[in-house]
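Shared between the two complexes below is chain A, which has chain B as its partner in the first and chain C in the second.
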Partner chain A sequence: MPITIPPIDFRVIMPEIVITLFACLVMLLEPFLPDRRKWILPHLSSLGVFVAAYFCLPLWNSNLLLWQGQALGDNLAVIFKIIFLLGTLLTILISYLKSGHHWGGEYYSLILFSTLGMMIMASSSDLIVIFLGLEVMSIALYVLAGFNRSDLKSNESAMKYFLMGAFSTGFLLYGIALIYGTTGSTNLNILVNNPHLTEPLFITGLGLILVGLAFKVATVPFHMWVPDVYEGAPTPITAFMAAGPKAAGFAALLRVFLIGLTPLAPMWITILWILAVLTMTLGNVLAIAQMNIKRMLAYSSIAHAGYILISVVAGGDDGLSSSVFYLLVYSLMTIGSFAVIIALGEKGEKNEELPDYRGLGLKYPLLGVCMTIFMVSLSGIPPTAGFVGKFYIFSAAVKNGQLELAIIGVLNSLISVYYYLRVVVIMFMQEAPSPSVVPHSSWSVQLALWLTAMATLGLGIFPDILFKITQQSWLFTLR
Partner chain B sequence: MIPLSYYLILSGVLFSIGVVGVLISRNAIVIFMAIEVMLNAVSLTLVAFSQQTGSPAGQVFVFLVMTIAAAEAAVGLAIIIVIFRSKESVNVDEVNLMKW
Partner chain C sequence: MFDYIILIPLFSLIGFLLNGFLGKRLGKSFVSWVGPGSVGLSFTLALKLFLDLLALPADQRVIESITFPWIISGDLQVNIAFLLDPLSAVMMLIVCGVGFLIHVYSIGYMHDDPGYARYFSYLNLFEFSMLVLVLANNFLLMFLGWEGVGLCSYLLIGFWFEKKSAADAGKKAFIVNRIGDFGFLLGMILIFITFGSLNYLEVFETAPVLLDVGSGLAVAITLLLFTGAVGKSAQIPLYVWLPDAMEGPTPVSALIHAATMVTAGVYMVARCHVLYLLAPFSLSVVAVIGAITAFYSASIGLVQNDIKRVLAYSTISQLGYMFLACGVGAFAAGIFHLMTHAFFKALLFLGAGAVIHALAGEQDLRKMGGLKNHLPVTFVTFLIATLAISGVPLFSGFFSKDEILWKSFSQGNPFLWLIGIITAGLTAFYMFRLFFLTFYGQPRFDSHRTHPHEAPKSMTIPLIILALLSALGGYIGLPESLAGKNVFEKFLAPVFEAGTHLESAVHTYSHSTEYSLMLMSIAVAFIGIITAFRFYLKNPVAAEKIKTKFATTYRLLLNKYYMDELYDRIFVKPFLNLALYFWQFIDVQIVDGLANGSADFVAWCSKVFRKVQTGYIRNYALSLALGVVIILTYILTR
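Right, the complex of A and B next:
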């Protein structure tokens, strides 16, 4: 019997291959470099990100489907990969320490491996491959959250993240197993057209998958780990967690629910509706009470997961493109605000309480202006990208008949204005304490600050470019 | 032949034991063991379905699950050891620096 080798096209997984190679290279190079040459490692990691992005671009509009749908090259996958790579690049930039001290090769390597997991998650229509990507992402993140080994808070953060993450993995996996059992397949394209869609076992499986993914994107009944993990983890990693894994979780959520299981929409829309309302409201209300700025941003990230859930509920092409738009914009503004926190952190993880920010806006106007831009954008006030993103989401909701949800979303934005602008008020309108905080920032943290601030403003004033790109994100999406 | 429902009930019971174990246990190691029981319940489900439908995919998935569980065990136990070094305890109630 002649053996036929199926056509193998590596183009579609080229970005993943590049990231894997660079992650291994950085890890292997580390022990052979003398201490004064360690600065090469972050540069090498950034180079890897750029090369991977270069290999992503030809996939745009190519609509490749390989290995029975286990690797996809549709527009949605490409745009999500670009979001992850952007988040990774900014994270590497804000990880630079001024004192000539370096994080070590395994730090950058783990960041790249985590990015690899996200990219796998976003570019597969097979549930098992999505699960594998999620685990590659999470296991690297568990280590990164506890990277400050001598810091008790960081240890605690890692343990909480690990236990909760592994717990939620169990649910996700059980859901996948049940769906495999009822339909005999884990491929989303086959699932859509199978006759078992309404069997109780299938629906249970779907519910368990929703629980697993809801843990990762931090929606409300499953959000308990977020504030503790965000507060304890090293600040660059917190920024990374707020941007990348959230976007990756939503990529999987969009693939499974919005693209894969549209025939069951009436069933899951109600559940997601309730989750969206709870997530927004609880996130915003609890953020008001926080005095630690990292914790406040953690609750804010919960609230933003709620806003993005609105677009999932709204559904359709508008829902899909508005959530992609918002995830990109959210990554920029949240990494930017964490970059400000890093710039103010004096040798390590200090100055995270709100009173530490008194008067800083007047003493260091550039830092103050950047923080103001991010806070205004997070609360959704024009002319910033956050406003455009929220506007897009709410208009998608209204267009698809979810008027109540849009109204609840707008009311929630109003609540959020209070705690975001409180930071600005503290920075500009209060007297600085006598030994005030001195910002330390290396060139790369400043570069990241400038990039994110400019992008946040620029996309707020000229949203058309990104708008057109995200509207094409669904064009070649398999459904 | 043992009917499929027996396997499913057994794995459902195992999974529930795992969930309850995670929720009521206070020892980080025991919580971790309970999570492993959950993952093994899933493996049992996959194998049972695979045997019933005759498709080998389910058995391949079990290998993936085992690999993932091993990787998780390595990282998780390392994290718990770090906690034990600083706290001399793996009781999750004592790991409480951060509260809202």
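Right, the complex of A and C next:
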């Protein structure tokens, strides 16, 4: 009996194929390169990112899908892929150190593999495929978090991340199993029309999936790994984790709950409401007490997960587009702030404590201004992208009847101003200690800084272009 | 040609920018050319436009020149646009002409001042703002100029800001004016609400249709606008800033605080005469305030010893006359007096400046005297100005003041006329007191140290020109009773006739009544002069005698009725205390307390909650598991 291979439209999975190829290439090439040629690796990886992005673009408004939706080429998938690729590119840029020391071994290929996992997560309507993507992403990240092998904190970070991640993955997988057990399918399109949707087993499965994804986007009470992991991991990887995996987690969350299981909204909406409030409040309140800037940004990333949850609760096309908008903006400003930390933290001493930043704004005005832009944007003050993003989220919430949530969100932004602006105050209004920190930044870190700072400001002043694009993420979105 | 109106203020603006940004670098001669030069250009163009305007038939002398839209927001449409009609033309000529002469005078007067470029840039900015004020075709643009001249006044009063009294005087002028400006602003808003437009012509056209005579709205609008005029033109009760404004350089006092800016209130009332004629109550308020101010400040002027302060109180008094004229509906007479006053009061101030210049900064009348021979040009010109302001026949002040007195008798109230004529006598007295004390008698200055000398040409030529204007300027308004044609009133008539049909029936008086009143005012003027002559020239002891005999009154007048102290007690002190209370109690205790308290609370929460973050992975797992249990419990029991 001849086996007929069904025609496959490779266009849909072309970006993933490209990233896989480049990841393998980088990994295989590394052992054969002498140390002085190691600079080829980041360049090659960046090239891979660009090529993948190139293959993403034709998918816009194409509405293609493969294997009953196991691979989707809809607008939401495209825009998330672009966000991931942007985050990856910026991570590669800020990984390039001036000292000539290159991240050896599998560093860049792991980043690319992690990106691959995210892309898979964001473009499938099958729970198993989403789970596969999540694991590809996470396993690469566990390794990356511990990449500073000689650093105890980095080891601790990797260990904690791995243990907690494995624990939460168990819940996710168990949830998927329960759902499959009740409905006989893992495909969202099929199971949403199933008559067993109210069975306790199915509901339990739904709750467990929610936990698994909530862990990835770091919502309270599944957030406790975040500060330790963020603090210990190499700073570029922290930036990468704050941007990419969070966005990927939200991509899956949006895909499963907001798009796939919209009819079940009454079931999960209250939980997400409570999670959003808890996450914002706890993240912001705890950030105030942090003296280590990476830990502070870790709590800030928790708080931001809370803001984005508001838009998931708000739902509808406004909720979807505002969360996509905010995820992109958040990636830019958080990677930007980590780039500043990198610029100041190179060369052995890490300079991650807030007092290390005293007087730096006056000594290095450009660096200071960039950091100010990011901090102002993170706290949501105009004319920055962070303000516009929050504005869209809150207005989506108000529009869809979640006024209380919007008010709580605004109050939380108010709290957050305290610790974000403290960084600015320390940088500009306190005397520099002597000897003060001397920034060493390579051209690529500076490039990343400029790109993110300009984009943060630019999107704050002209948000229309991006917002029009994110609004179309709802169009042609497949179930 | 009329489209070039915008150039008139623009020249001064360019002058301001050049002097302000480059003046210090390019040196004094550059500033001396740009400063007066830009105003000179404005004056030339203004003269040309004035002649063009004259060439038109009388009923077509209203030209609007719209340059570009300024603010367009909903119903509000405001253009940068100018209105040239006989009224604004007269004001434009006064502002440019007198302004130009005073700019020239300043070259000599300010020559050694280190802030030369700064001075001329401010003066140019003032000239720009004042021209915008008088040429605007809508209330908002006028308000722009109005605030602009206020700013320049503040800057120039405090020009020598290192002197505390000057800085304080600037502040006082600014704050007192703000009160009036607030009224003006409210009036303007009320106009916009009522008429839906801020354009003069539109407002004045619809006003008689929309509002009844004596309606509350008309009264409210006009009284609010008048508040602005009271502040800017230093009338009771907001006059207190003007005497202190004499801390500024003397040419500034001449230009801003005598000839132009302080008359802006009169111009505004005259410009809005259509509205005022709809509110007879407001008109009487204007007239009464004007008359009382005229008398009140003339009485203070009787005993002041600072040459500039006498002139300042005299200015307030003369402005009172102008408001009196407007209040009785004789707007043309008010503007006529505005013009002659601009000539002779500018001349008086510039002459006083020449005296102060000659005596190396001395302003106290008791330390002057006998300057007649030292300063011949100043003496003659000053005499002409003194004669003019005292209302001696044949000089300009006589015609304009008499016109006002006549109108207040014939159209207003004999009582107002009585106040006016008594004030005229006081005016003649204090002006000649000042004149005699300055130029006659024994020199009371230290003649060994001070050698008075005549001012340079740049200062004396403006004096001479202004003297000619003071002497002859009145003849364009020669009343019909004196075989004149009153060209001035006829020229302004098209502006003011819009409202004439609203005027109440005018009593008709024969020429003989007019003649007898005229004779009375001449007599009063001469009585004032002769008294001053007897007291201060012939028999100085008599003055001292009177001083001791009426010691209480004298002290009351010398201390300006203790009005500054009273204001300090009633307004300034309580206000400061209130501000202190708001700051130290409401702000520091309550507002800051609330803010800091909530911040402390959040920080405290932060400290408590962070203890949960133990760093032990078993605790983390426990928290995760607890979360799962709670979520599942909720979801299943829902």
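In this section, the second predicted complex is superposed on the first by the 470 of 479 C-alpha atoms of A that agree within 3 Å, B and C clash if a C-alpha of one lies under 4 Å from a C-alpha of the other, contacts with A are read in each partner's own complex, and residues count from 1 in each chain.
Basically, a residue touches a chain if its C-beta (ideal position, glycine included) is under 8 Å from a C-beta of that chain, and two chains touch if they have at least 3 such contacts.
All values derive from a computational prediction rather than experimental measurement.
**Q** For A:R149, is the partner it touches chain B (first), chain C (second), both, or none of the two (neither)?
**A** It touches chain B, and chain C stays clear.
**Q** When the two structures are overlaid on chain A, which partner does A:M427 contact: first (chain B), second (chain C), both, or neither?
**A** In the superposed model, A:M427 contacts neither chain B nor chain C.
**Q** After superposition on the shared chain, which partner residues are touched by A:L163: those of chain B (first), chain C (second), both, or neither?
**A** A:L163 sits against chain B and chain C alike.
**Q** Contact-wise, after the overlay, does A:L178 reach chain B, chain C, both or neither (first, second, both, neither)?
**A** So A:L178 only meets chain B here.
**Q** Please indicate which partner A:L210 is in contact with in the superposed arrangement: first for chain B, second for chain C, both, or neither.
**A** A:L210 contacts chain C only, not chain B.
**Q** Looking at the overlay, does A:I128 come into contact with chain B only (first), chain C only (second), both, or neither?
**A** first
**Q** So, A:F222: does it touch chain B (first), chain C (second), both, or neither?
**A** So A:F222 only meets chain C here.
**Q** May I ask you to decide whether A:V285 touches chain B, chain C, both, or neither, giving the answer as first, second, both or neither?
**A** It touches chain C, and chain B stays clear.
**Q** Kindly classify A:I139 by the partners it touches after superposition: chain B alone (first), chain C alone (second), both, or neither?
**A** Only chain B is touched by A:I139; chain C is not.
**Q** Indicate the residue numbers of chain A shared between its chain B interface and its chain C interface, in ascending order.
**A** In chain A, residues 159-160, 163, 167, 227-228, 286, 289 are touched by chain B and also by chain C.
**Q** Where on chain C is chain A touching in the complex?
**A** Against chain A, chain C makes touches at 599, 602-603, 605-607, 609-610, 612-613, 615, 617, 619-621, 623-624, 626-628, 631-632, 634-636, 638.
**Q** Using the touch rule from the top, collect the residues of chain B that touch chain A in their complex.
**A** 8, 15, 18-19, 22, 28, 31-32, 35, 38-39, 41-42, 45-46, 48-49, 52-53, 55, 57-58, 61, 64-65, 68, 71-72, 75-76, 78-80, 82-83, 86-87, 92, 95-98, 100
**Q** Which residues of chain A touch chain B once you look at their complex with the stated criterion?
**A** 128, 131-132, 135, 139, 142-143, 146, 149, 152-153, 155-160, 162-163, 166-167, 169-170, 173-174, 176-178, 180-181, 184-186, 227-228, 231-232, 286, 289-290, 295
**Q** What does chain A use to touch chain C in their complex?
**A** Chain A reaches chain C through residues 159-160, 163-164, 167-168, 171, 200, 203-204, 206-208, 210-211, 214-215, 221-222, 224-225, 227-228, 267-268, 270-271, 282, 285-289, 415, 418.
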